[in-house]
Amino acid sequence: MTTAPRTGTPADASRVLTAGIDVGSSAAKAVVLASENGEVTVLSHAVVRIRKRDIAAVIDHAFTSAVEEAGAGELHYVASTGEGEDIPYATGHFYGMTTHARGALFLEPRARSVLDVGALHARAVAMDGRGRVLSYKMTSQCASGSGQFLANIARYLGVSQEEIGPLSLQSASPEPVSSICAVLAETDVINMVSRGIKTPDILRGIHDSMAGRFVRLLRSLDVEGVTVLSGGLAGDVGLQAAIRDALSKEHLGKTAPVELVTHPLSVYAGALGAALWGAFRYRKLDLGGVAWTAKTSP
Amino acid sequence: MRAASKDRSMELQKQMIADHYKRLEEAPATGEPVVYTFVPGNLTELVRSFGALPVLPEINALQSGMRGKSGEYIAAAERAGHSEDVCTYVKCDIGMLASGNIGPTGTRLPKPDLLLLSYTGCYTFMKWFELLREQYQCPIVFLQVPYQGEGMIAPEHRAFVVKQIEDDLIPALERISSRKYDEERLKDALRLSASSEDDLVAVLESAKKRPSPIDAYFGAVYYVGPIFSAFRGTPEGREYYRSLREEVEERIRLGLGPVTPEGPLDDQKYRLVIEGPPNWTSFRQFWKMFSDERAVVVASTYTKVGGVYDRGFRHDAGDPLGTLADYCCGCYTNLNLPSRIDLLLDYIREYEADGFLINSVKSCNSFSAGQLLMLREVEKRSGIPGAFIESDLVDPRYFSAANIKNRLESYLQMLEARRAATP
Amino acid sequence: MKCAVGVDLGSTTTKAVILDEERRVLGRGITNSRSNYDLAVDVARTEAFVAARFELLRRKVTGVAGEAVLDRLLRAFRLEQMLHQLGRLHVLMEEECGRAVPAEVRKETAAALAAIFRRIEAEETDAFAQPEAPRRSDFFRDLAGSAFTRAAEAYDAAAFDRLQGLFDKCIIRAENESLALGFRDHIGAALERIGRPADIAPAVDGAVNEEIDDAATVGTGYGRARLPFPKEQIRSEILCHGLGAHALFPETRTVLDIGGQDTKAIQVDARGLVTSFQMNDRCAAGCGRYLGYIADEMNLGLHELGPLAELSGRPTRINSTCTVFAGAELRDRLSLGEKREDILAGLHRAIMLRAMSLLARSGGVSNEFTFTGGVARNPAAVRALRELVHDSYGERTLNISADSIYTGALGAALFASRTAE
Amino acid sequence: MRLQEDDVSKRSEIVDWALGVAEDLDFGIAREWIAAEPGRRACGYLPVYAPREVILGSGFLPVGIHGGGEHLEIIRGDAFYQSYICHLPRSVIELAQTGRLDFLSAVLFPSTCDVIRNLSGMWKVMYPGVYVRYLDLPQVIAEETGGRFWREQLASVLDDLCALAGRHAAPDDLREAIGLCNESRRTVRELYAARRERPWSIPTEELYVLLRAAETVPVALFLEKARAYLAAAEVEPGPKKDKSRVIVTGAFCEQPPLGLIKTIERAGCYIVDDDFLLGNRFLTVDVPCDGDPLDQLARAMLTGSVKSSVLFESSPEGKRRLMKARVEAARADGIIFAAASFCDPALLDRPMLRAGAEADGIPCIAFKFSENSGQFQQFREQAGTFADSIKLWGGE
């Protein structure tokens, strides 16, 4: 696929179709949006896990299935984010925190911060009411408390990804995880099993230690009000609960405690943000024409 | 009987500290000027000769560590934008300030009338006071103390420090205290200092006896407290060291060892020399690891950060400002690495140590940078293996008990095996 | 006969070594430490005693019967053990299937399980029939795991995930049951399987009844604090590795041990006494577990990594030695089109670079040098180490024993044999 | 027209040359210079500031040792340092232990921080044959105290080096050296000014390697290359892009990998001011060539040294006002605080500088690097987000 020359203007110029493609370390996500006089509708979304496959192919797969589901013959702006910098048919690229902030705001207009937790990273971003990034904080180059780490432990415990959250919720007395290093923590966990600690308590212990880190990230930004959980782990109800507990314990927020919200589309926050900024730029720069048409797709 | 005799000096110290912090709390009311300064190169005699009260931020920080407060203070400082990489004394102090500036005895600490930086053997001190100046908006006097890069105090360096004391410090102290510099008062204080210093050295060197009546690291950090902080050159300071010396001499007479948190340690299996500051957040747990293995520390470099008195230096009333300059230039972390290596070797020899251990703290590059070379050199030149463990001053996140215990056990088992094999 | 036992309870594997009165190695046993240390110790000991009885057998029948017969008997014995474990795993998975799998697919899943286990048992029996035993993992978890995955791939994605899920759940249970895997439990069946050759059958019956009395035991290793031994029966793994390496190679003056989550550099004197040591702290970067993650990432057995890396022409330069990030870096670089073997070679070099700084800290490599621990079995790791040591210390003798993973346990056993006297 | 093509090729030639020199871990040009005549010697110095005039004035070639960069594999160096100490001294020791610094007959260790200070003692222990000198910079600015102290330091270094070279300290040699260094500093200022005016035509990755090369070659050679580069950049400006103007500060000692500089400028930023290799412009004024040269050098240090983390800030407002002044001078949109991990000077200063900048409404971000950072994704994300926000909200 290649970028089409911007020829003519589409039938209905007031209606802008944009796509957002968010390439993460474990999956590629794509959405197609229509925005018309202030109204934004999500026409389609698709996620394809990378699973040791060629990333370019995965991206195309996610993009084309989103486009087909949306039935979009042409797009005015294709915006990439995350690792998607080099997508040949992207009109422009926005960086991860810019898009997650915007996407989170779209999913939850009250949100003033977003907690983006992926397989290998975690970052907290504070934004204003227009999705402008005010400040951020990310975890360091060590995988402690990353999604990957949680996945490894779950595998060891014989728990599938989907079961992690529900099991963690059953925990009566969470078992704290001490070690800084993920591998040493893994040994902690092995010892826990040998001490007969229940799986839910172990999982919740890990969730708690992750939540602790994330809340420290938020705290370092002095966030207020509502925060959205986005990224690959957004759907983990155990993690959600752990973060909520940590938030209340840490008394985050000067006036009222910080409220954590999630959304069925949380996983698409980055892609949504990219598509929204795409539309914003399309209008701001008054580009006109289309960036991509089905004819040019493979 | 042991408990009782032990208690006297401890009681005295407790009382001195309580009184001092009480006086500090009342300073804003009584109008006594307050000078913040650091342990190494502290000019207590001069400061007090102007009726000013010293506050030593490191002491507050380590006290916060021992009282389990440092964790939250450090977190507060890091939230305020301080890096996790830098000295935790600084962050603990700044965090304490942000949390109401309540000192170790639960009393509020007064604002400084003057920040007195009279030591540059630690780079971080300079930044620490720049940071405090942002908080307090008060004057700083900066005395540059040249490092002993060539292993000695050059005469021109001594003169440089004296000139700074005359040109910058004395006028500043006169301003905040509205008193004139009184050399006689200073000389009286210096005489008191010298006599306390004699007693302290006698106590530290008692560790040459077998069994050693003291632990020259875990125990001695309490012994050096008064002389390293606000009480050098004071009558109560001298009183403390007199009674401490008597207690130690009594223990020698009775052939007793020190009393550790786990009880008396008379039957001493290993005699160790230690380089580097202790960890304060797990101080007792750390000490217990040694006493459990019946290891006693017979000499340490940390107890020299406020003055290397056991190598002969004494405050000299005969040359008041010159002696202060010598003192500033002579503190342990102002010695270059070759000198520090020689000192360790001397201690191992003089105190007939079985081994030496380096506790390398993340916070303090002045101490830590180069310690791995020191380890190797001392091993090479003494033929005695050393141990190397890593922790931090007051950051609870950096004390990994399991790792440290494993290393210490392995090390002592190694010394034992060598001893068994070499008749 | 009297013997001394050393147990090395490591973070990933547990090893046991048995010495006879002459301090000759009678038997070795290994298992993955899994999640139950006491059990791990039992299994390792049992394995060691199995090996010990085979050794006694070997001593008896040499001259009477050939090595070949004994090897065949040993392989038959292993097969019996394997089948026993597979049987148990199958039962557990059927139970779990009945409990956890949705009714509508339960029957087909159970059927799939039956088919898969039939296939694995067949594979195992065929493998036994082969004249040459291929090099493979020591651990039931790995053997069963790879065989199961291979077989399960025949089914569609949904079924595959379901089956794999069942396996992940049950393998840990199977591992944590104490199964009867001793010499007496299976030697009979093994003997039958090879048709009771007359030249060894009587000796075998003798070996079954032979009394072995473990006079003294010493424990060491990462989990030594958890061993049910009194303090004087516990030794630091540093001392045990020093003594063990000295026993294997008396001229050794430097020992490097890379275990699952710690790396040790040890200097020993002419008597095997430790004179200095260094070990990693707080972070397991560059330890054996690192390779474990890579193997998982590539769906390879741990033992397959080295040989693959050996094919590399120009190793990639790897930056992060954070174990958990290794997988991600691998993926990144693969997506950049770099060759698998080059990346692997780079990863091996990265591990060894970490080890080199510990070595230097402990005093360098001044003389004969021994590399022990699980990673010493990995040819690519050994090559990287050989190159680095040569570059920074010049020509040095590098010892690696096939049994180097037992070095700590051997040292412990030697300490035990001393206390026995 | 032809001329222009020549200049284009000339420019890339110069950049290739500079890159080659900057990444030459064996200091080939310095070695050649020494070999060219018997009796020639070189004197190394560590960051941040060392008096090159004094080194030149005693006949030595000054060689800046700024670490081993991203290409040096650390095998022995890590054995000397705990995990919580910055990367620079590891690679410096690696260079020394692999014989790459054996051409230096003297090394100066300025009072940049305690790590470099202690490294001077380590050098004394490990390389007894080399002249090792720890150099306390003047922290007090009064002529009578700091001034005299610094002059004594300079004098004793000069005497020691001259003694080493078997010659007498001659004021005229020193004056000549001062003139040469003035010239070099003027050229560096010109290069920085040109980049500030036309960042699209002078990419920082080019400017940086040119100045990195300057640290290890004879001054005259640097001047020749730098002038040619300026001329070429005039003729061939390169495409102007819509990027935000940023100051990168905090990397004055351990140097960022070139990849990091590229990453920042490719993620939508133009670097219009920085403190890389700060020593080469540590003195902001020309040092007068008349009078007693040592007096002049000492005075210039007291009155004309750049504001930095290695010298005590005597003015109470100094830290708070510094960044605003730099932003205005460079017409920057924002500041990237890029400090080396575990760098005490940069990291302890950062809260003060950042608070000051943010109080003045200047957008800031901060991250840490090390000279051998190999993965730039985190930096790209942050610099990119920074550029995004200026792109999306610029002019508000």
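Letters A, B, C and D mark the chains in the order given here, with residues in each chain numbered from 1 onward.
Convention: a residue touches a chain if its C-beta (ideal position, glycine included) is under 8 Å from a C-beta of that chain, and two chains touch if they have at least 3 such contacts.
Computed from a prediction, not measured in an experiment: that's the story for all the values here.
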| item | value |
| --- | --- |
| Graph separation of subunit A and subunit B (steps between touching chains) | 1 |
| Whole-Å separation of chain centres (CA-atom averages), subunit A against subunit C | 40 |
| Subunit B and subunit C: spacing of chain centres that average the CA atoms, whole Å | 50 |
| Between subunit C and subunit D, centroid-to-centroid distance (C-alpha), Å | 52 |
| Multi-partner residues of subunit C (each touching 2 or more other chains) | 281-283, 320, 361 |
| Residue numbers of subunit D (touch at least two other chains) | 79, 83, 375 |
| Per-residue multi-chain contacts in subunit A, two or more chains | 141, 180 |
| Graph class of chain-chain contacts, one of line, ring, star, complete, other | complete |
| In the complex with subunit D, residue positions of subunit C that touch it | 281-283, 317, 319-320, 329, 353-354, 356-361, 388, 391-392 |
| Touching residues on subunit A, where the partner in the complex is subunit C | 25, 50, 52, 54-55, 119-120, 141-144, 146, 148-149, 152, 155-160, 180-184, 186-187, 190-191, 193-194 |
| Subunit D - residues contacting subunit C, complex | 73-79, 83, 372-375 |
| In the complex, subunit D residues that touch subunit B | 79-85, 89, 111, 113-115, 117-122, 124-126, 133-136, 138-140, 142, 144-146, 148-149, 152, 309, 312-314, 316, 319-320, 339, 341-345, 347-352, 354-355, 368 |
| Residue ranges of subunit B touching subunit C (in the complex, touch as defined) | 372, 376, 379, 385-386, 388, 390, 400, 403, 406-407, 409-410, 413-414, 417-418, 421 |
